[in-house]
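There are structures below to look over.
Look at the two complexes coming up: chain A is in both, with chain B in one and chain C in the other.
Moving on to the complex of A and B:
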């Protein structure tokens, strides 16, 4: 089967004070049709930047300096802005983390949905309107025709995020990128939104890339997981395998820092000491080495992402013994 | 179950109602609004209301107010009241038209500057700084001298000189709005830049533009008065509030013939003050957080 999205050796650099700083280093991943791929990592690990470059939304000082992005056989990097507009919002779309500001405050929900649809399809206003109502119903909003007439500030955060998802679905996208879609929402609403995404994904057969740092969500939703650290992929594995046998020390540390109902409440939560190093592009060898419990001399040598078994990839010198480290 | 249905009309009505409530709290603005409406009506209907032709000699020179000429006559015997009505017409026209010109220029430059950023922003903003750094009245005078006086020229000159404030205001707003997620969402939805700029960003910055524009109207009326007073604006015999004061340059007129300048001067002051009060109240009315 042909992958929906294929990112190969992507390198992104930001220019600051005339100095180029590489923030994404040879990132590769593929998304198959109907698959939910999750990208996890701390803040500043490059998850969002990688996906923003897929959408062509990098800030002015950011540039893709290497690699390729292939969406259903089209090289996205070779497209002009206008050609990209044909793909964005049509077959590839994105939902942002802050639902509260994702809608234009001066227009009604209906106006915004209808406008987007009429831009991308040859529907007339009436058809677009009917479809918008249908979509709002699909994302579980009660009384959709009333919501169409409402201004965003009269809706709650959860409702707004539902509207956003509804808008994202308006042209039957094949790929939906969800950038921490539930961070601004409270926990019960989070669960509902995730249920919704999963349901829609099944119904419409689209692929989803879920960017998050909530490992609970990943376990619920994802088919495969890519773990990023300091601009590199450090581990890639099917979701079960990642949770059962985390191979990279960083993945393991991430999993240990997740609160768990079964754990003794008196034991303090484990945290990963330190932060993501600042100029991580200047580090040779393992970028996680300064925070790693298993640090050895050989970690200072550059290493590559290598396959371990059929579906698993890991960037660590100790990969042979990876499953066994305690 | 009680079901409440709120339709769009009602919601709009509510919003407008609240804004109107906030506006009404400013008694001075309300008075200003009434005054402005009355004056606009008088000015609009001037040809039918004015007792005399404003440019025809109707009576003796510099006659004091009487039942026949309620504000007296000017140095060449024209009815001051009729000229006042026609002058207000011209002054309001100049104020509104010049503001329209400068707002359009300022909004377009500000939008482009704020949205595209980079060198475009640099060039536009430095040009704005340059225009702003000229002594204002001198710039207007020199332009009037070059292009010649006259109604259309005055409107264009004031319009082309007043835009930097609007441009800066709009640019600042665009910079803030641009960072909002809904703009990113628009990009993701594949909406073209032109659409985002004019149909998404611009409506979000209408309120401050409108408020700023009221002050520009006031300033333009004053500038027209100043220019015409100096003889560089509206040319006689056509009446404007400024060139009616032109006759009151001598001390003897100022002291012994107050009907030649008090009504005109007061009218300018009242018009400008009314507009400024309205602008103040508009700011509060548009501010959704202000209670």
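Moving on to the complex of A and C:
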């Protein structure tokens, strides 16, 4: 089967004060048709930046400086802005964390949805309108024709996110990138949105990339997981394997730091002390080493992402003992 | 110097014993808060937003009470009223048995020193034009906790207490990460040596790994200094981790209160069941479990549903629920676990509801 999206050795750099800082370092992953891939990491780990570069939405001072992005056989980096517009929002769409700022406040929901469809397909206004109502119904919004006439600020957070998802589905995308779609929402609404995404994914057979820092959501949604730290991929594994046998010390610590109702409350949570280092592009060797409990001398040497089996990859010198660390 | 108070004993039994003997530190009686909605050219009130609609609870020294609920349920409003940022529309807040709104001036000042708050957003709750040293030392100077000469030393100690290095005192808030800023917020709350700290969603804006750091820090500080916490949050797991007792709130009212463990193991209200079901479990093997996910969203608090306010979203509501508003009833014999649902109450549960709540 041919992957929907193939990112290979992607490198992204931002220029600030005439200095170039490489924030994404040789990131590779693939998304197969009908698959949910989850990308996990702390804020500043580069998970959003990698997907923004896939969408061609990097800020002006950001540039892809190496690697390739292949979407259904098309090299996205070779396309002009106009050609990219044909794919973006059409067969590849994105849902952002903050729905209020990603919707246009001066147009009604209906106008924005109709515009998207008329731009990407040869529907007339009437057809686009009917389809918009159908989609809003599909994402579980009550009374869709009334919502069409509403402005984004009059809707609640959960409703806005549903509108965003409805809009993303306008042109039957083959890939939906969801960038922390529920971080700003209540747990109850989060559960609703996640169920909705799962249902839509099954119905329409699209692939989803879910960017999140919530491991609970990963466990509920993903087929495969990519863990990012400081601009690099540190581990990649199928979801069951990742939760059962996390191999990288960072993944392990992340899993242990989640409070859980089943855990004994008197045992302190495992926390990863410190923060993601600034200027992590200047570090040679393991970028997690300053927070790692298993640090030793050889960690100062550069380590490549190594494959262990078809879908399992890890970047750690201590991988041979990885299964035994507690 | 912050002197160490009696260390809190671990274990639930201990704290239950303490609770009966000790006087409550804070008592909230029939607390209500309405915000008027104004309209018209000659402005007049056309309705009210009900934020808090009759809430009673007691907070004992050294314990942590968790408040959970969806956004808009009034949990933060309760916190803001306790620190006297807002005045209640009705009801009373008693601090050590004395109503906080009718205290003499110097008593009010002392009370305000004793009740501190940690805010949700570490970005907007610190003044960007003040250095960390200023943020931490001004309150202490105002309350005459230390002299200007002692201030640098005291600030150093506070920074050390919350796990920041002392040479950070000269920096401005924007130079810190989210987790570090939240530590500064905590240090500011500690600087006045309070007895009660209101934590208003202190970890919601933070990354998972940083959340664990802050939760551990709050717990350790409590062990060391015997603080009392009112912990407001919507992440059930975090609230469960830090709290001794939990109150579940919905549209301005308590739906259920009880010991943290008991409440989750044996929920007495369908809303608690729904909240537990909504939070994702970090274990992919149980992802196909039967979950009861609430449909719809929290109704507007201008127009609160009649009868039980949860009935339009409830999975075991009956005709009865549409007309009769339930009050908190005891779920267990000892009366430490209360829930406002007669349908799910095991002491008066009927057979037909048994089926719909077993998950």
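Here is the rule we go by: the second predicted complex is superposed on the first by the 326 of 326 C-alpha atoms of A that agree within 3 Å, B and C clash if a C-alpha of one lies under 4 Å from a C-alpha of the other, contacts with A are read in each partner's own complex, and residues count from 1 in each chain.
The working rule: a contact is a pair of C-beta atoms (placed from the backbone, for glycine too) under 8 Å apart; a residue touches a chain by one contact, two chains touch by 3 or more.
Not measured: the values here are computed from a predicted model.
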**Message:** Contact-wise, after the overlay, does A:302 reach chain B, chain C, both or neither (first, second, both, neither)?
**Reply:** neither
**Request:** Could you say whether A:108 touches chain B, chain C, both of them, or neither, answering first, second, both or neither?
**Result:** first
**Request:** Return first, second, both or neither, reflecting whether A:192 touches chain B, chain C, both chains, or no partner chain.
**Result:** second
**Message:** For A:57 in the superposed arrangement: first (chain B), second (chain C), both or neither?
**Reply:** first
**Message:** Quick check for you: in the superposed arrangement, does A:122 touch first (chain B), second (chain C), both or neither?
**Reply:** neither
**Asked** Which holds for A:85: it touches chain B only (first), chain C only (second), both, or neither?
**Response** first
**Prompt:** In the superposed arrangement, does A:167 touch chain B (first), chain C (second), both or neither?
**Reply:** first
**Message:** After superposing on the shared chain, does chain C or chain B touch more chain A residues?
**Reply:** C
**Message:** One more residue to check, A:93. First (chain B), second (chain C), both or neither?
**Reply:** first
**In the complex with chain B, residue positions of chain A that touch it** = 55, 57, 60, 81-82, 84-90, 93-94, 96, 98, 101-108, 115-116, 119-120, 146, 149-151, 154, 164, 167-168
**Prompt:** In their shared complex, at which residues does chain C touch chain A?
**Reply:** 10, 70-71, 177-180, 207-213, 215-216, 219-220, 234-238, 240-241, 260-261, 264, 274-285, 287, 291, 293-295, 297-298
**Complete:** chain B contacts chain A in the complex at 5-8, 11, 117-118, 180-182, 184-193, 195, 199-200, 203-204, 206
**Asked** What part of chain A is in contact with chain C in the complex they form?
**Response** 42-43, 156-159, 186-192, 194-195, 213-222, 239-240, 243, 253-255, 257-261, 263, 265-266, 268-273, 275
